[in-house]
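In the two complexes below, subunit A is the common chain; its partner is subunit B in one and subunit C in the other.
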Partner chain A sequence: MTEPAGVLPRVTGLAGYLLAIADDELILGHRHSEWTGFAPDIESDVALSSIAQEEIGHARLFYEQAAALLGGSADTLAYGRSAGEFRNAILTERLNDDWGYSIVRLFLYDRADAVRLEALAGGTARSLADLAAALRREEKYHLLYGEQWLRRLAGASDEAHARIQGALDAAWPEAVGVFEPVEEERTVVESGIMTLDAAAQAERWRREVTAVLEELGLRVTEERGGPGGRSGTHSEDLTVLLGDMTEVWRAEPGATW
Partner chain B sequence: MPALWQLLGKDESDAAHLFAVFRQDTKNDPHVHVGDVHATDPEMALVLAKEQFARRDPCVNLWVVPYTAVAATAYDEAEMFEPAIDKSYRFGGSYREQQRVMKGPRRPSPPEPRRGTQGRRGG
Partner chain C sequence: MEMIRTETALESRIWDVLHTVEDPELPISVTDLGMIDAVDVADGHVRITLVPTFSACPAIEVMREDIRRRVRELPEVQDVQVDLSFARPWTIARMSERGRQRLVAHGMAVPAARPPARPVACPFCGSTNTTLENSFGPTLCRAIYYCNDCRNPIEQFKPPHDS
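Presenting the complex of A and B:
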């Protein structure tokens, strides 16, 4: 059954699923934005800042869809929830640490996001399928940027390669966690809104990213996934991030500008 | 004939990482030099150029050219571009067709509305 454009099907679990995507994009977009003014060169600074804006823009679009089911607005969903209510993957909230980690994370996350969007783009909820198809066009550049930076860092000096391997070791279990199913994901899959369930998406992602990593002489040392964050359990990093991000909103709730 | 990187006072290894970026707005436009990027290689230069120069402006194609590949005239020879005698005949400014071609917009503009009278655009 295909829904008419602009109308979301009332499927249990869908609002939580949309929130998880929106939260991923918002939190990682915020982390990317912390590089503004600090990236290794001005060109990469401008490009990553632009990517950050786009991720936050994507978050807004998914929050609007979620708000249509939950009530409220994109802003109240983004700024008005506590850390325990966030459904983002823990991977996205981690501190940037260094450029190598940020690039490895960007590469792993955007590859995961691409698989997720593809599953939505082929699904039966037309407004979500159209949204996913539109976002995939923009995400193409994010994939390119992440992979080209990764290739250069992994192929530079021995030290650079070792640091990228270290970043990969740190990021991998939490990157697998991006595919931790949200609550009642099963009903969303059965409704046809996404064409692949989380396990099948994870398998596909793993195949795609390991092909690139192996080509670059990088090893996946830990196969298992860590905690994902989809149930609302997060690290202290998220609490600190939300404190920063919502400071202005909390200072004058309801203010418009 | 100096290399451009010499004119700019750069050393050659620096210039090898400096790329001139050329943007084409539509398939009917020429590629225009819009600025430079620093990058390790041409492929990365294209990745970075996309966000620096095609983020807001229309674009169908980008070129990047390493500065080491560009030959240039010397600034102290710029007087060779100055005409020594009156050569205004080369401008052909009194030809209506030439005015249309030279002043035309870079992008195709919407068709002009039909006019009831002829000759209003003369002169």
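Presenting the complex of A and C:
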């Protein structure tokens, strides 16, 4: 027989870590989906809808892995928890505000996600490493898309540049929050499941994104902040989002469609 | 020591069934797409390993259920488990020549199975004078090009990005 699908090691903190990734992907995927029908051109309408579908699909795969450790199912984890139980970075739950903010957030988040996936792809948990390696090949299209739009807007009129700078000022501290460790993340790193800890991942991400931002004449305001999401502290934006997103599921939990 | 195995009659019947399970969104079977990584049989218990093209593709669950149901109909089969695997990820080289021909006949551009990458050829007029319009299309595995000669939009089968 072929080897069975990988069984996850019972490492303290791992379920929480997987939930944090899944929550990031689900919540940001939901925000991207809000552009369906409203993006500035039809190509972007299709692109954001596709990216949303992909992030939500990736969330599902991480929820399934988390459910294997915690019990329950991907659906109960996605739809059956209150805002305080979500572990997504606050960055991902913020309203789209305008196209410039959405593009800046997409750029910053997907660059962070790429660093995170690379750390998992090199790790020791076979099924997670394989999954992360596969997702990186899919996410590459998101990276190209985000950077292309960032360059286009930052290099357009003075007004466009100013609005992108404003979006960056708003997004940056909360983007740093993507690397806020979850509880007992240390154990996950020590087990070898990740090749880099949160601080080293953040450092690498910061170096990579600031190289692009500086080239485009954008300034990063060095301020720390935006943490809390990983321990369940969220803005009102998440409560409203969950109310919308889970409305049908709550009408009859466990229904099959 | 690993024994050299030959395909049993049941395994061969399972493959025959798999050849008839199609992607719900494209005229191509799961075997021509190269999505079946392994078929393992032990005492009527069947385990099939399925490799997604794009992990978030909503058609995966449809194909998974079709495979489960159709293979279960074979009289010698007691139960069927279809596992997703990313251990040997999907690449365009996994698609069969027959599958490629069917997609081209359906009006899609399909990238070369192996490097070097070649320009996207228009499935309608054959021209390579084509331009990428959108890396994202109607499904996760399609991009949109435009043929500058016959002036048709083109759907290209888009594999995950290898770079």
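Everything below uses one rule, namely that the second predicted complex is superposed on the first by the 249 of 257 C-alpha atoms of A that agree within 3 Å, B and C clash if a C-alpha of one lies under 4 Å from a C-alpha of the other, contacts with A are read in each partner's own complex, and residues count from 1 in each chain.
Operating definition for what follows: a contact is a pair of C-beta atoms (placed from the backbone, for glycine too) under 8 Å apart; a residue touches a chain by one contact, two chains touch by 3 or more.
Model, not experiment: these values are computed from the prediction.
Engineer: Do subunit B and subunit C fit side by side on subunit A after the overlay, or clash?
Structural biologist: Overlaying the two complexes on subunit A (C-alpha atoms) leaves subunit C and subunit B clashing.
Engineer: After lining up the shared chain so the two structures overlap, which partner does A:R126 touch, if you call subunit B first and subunit C second: first, second, both or neither?
Structural biologist: In the superposition, A:R126 touches subunit C alone.
Engineer: Between subunit B and subunit C, whom does A:I56 touch in the aligned arrangement: first, second, both, or neither?
Structural biologist: Touch status of A:I56: second partner only.
Engineer: For the overlaid complexes, name the partner, subunit B or subunit C, with more touching residues on subunit A.
Structural biologist: Partner with more touched residues of subunit A: C.
Engineer: Of the two partner chains, subunit B (first) and subunit C (second), which one does A:T12 touch, if any: first, second, both, or neither?
Structural biologist: neither
Engineer: Would you sort A:E43 into first (subunit B), second (subunit C), both or neither based on which partner it touches?
Structural biologist: Both partners, subunit B and subunit C.
Engineer: Go through the superposed model and pick first if A:Y141 touches only subunit B, second if only subunit C, both, or neither.
Structural biologist: both
Engineer: Which of the two partners, first being subunit B and second being subunit C, lies in contact with A:R152: first, second, both, or neither?
Structural biologist: Only subunit B; A:R152 stays clear of subunit C.
Engineer: Give me the intersection of subunit A's contacts with subunit B and its contacts with subunit C, in residue numbers.
Structural biologist: Shared contact residues on subunit A (touching subunit B in one complex, subunit C in the other): 43, 46-47, 50, 141, 144-145.
Engineer: Please name which positions on subunit A make contact with subunit C in the complex.
Structural biologist: For subunit A paired with subunit C, touching residues are 1-2, 4-5, 43, 46-47, 49-51, 53-58, 60-61, 126-127, 130-131, 133-135, 137-138, 140-141, 144-145.
Engineer: So in the complex, the part of subunit B that touches subunit A is made up of which residues?
Structural biologist: My answer: residues 37-40, 43-44, 47-48, 50-52, 55.
Engineer: Hey, which residues of subunit C end up touching subunit A in the complex?
Structural biologist: Going through subunit C, the ones touching subunit A are 37-38, 40, 42, 47, 49, 52, 54-58, 83-87, 89, 133-138, 140, 144, 158, 160-163.
Engineer: Under the stated contact criterion, what part of subunit A meets subunit B in this complex?
Structural biologist: Within the complex, subunit A touches subunit B at residues 41-44, 46-47, 50, 141, 144-145, 148, 152.
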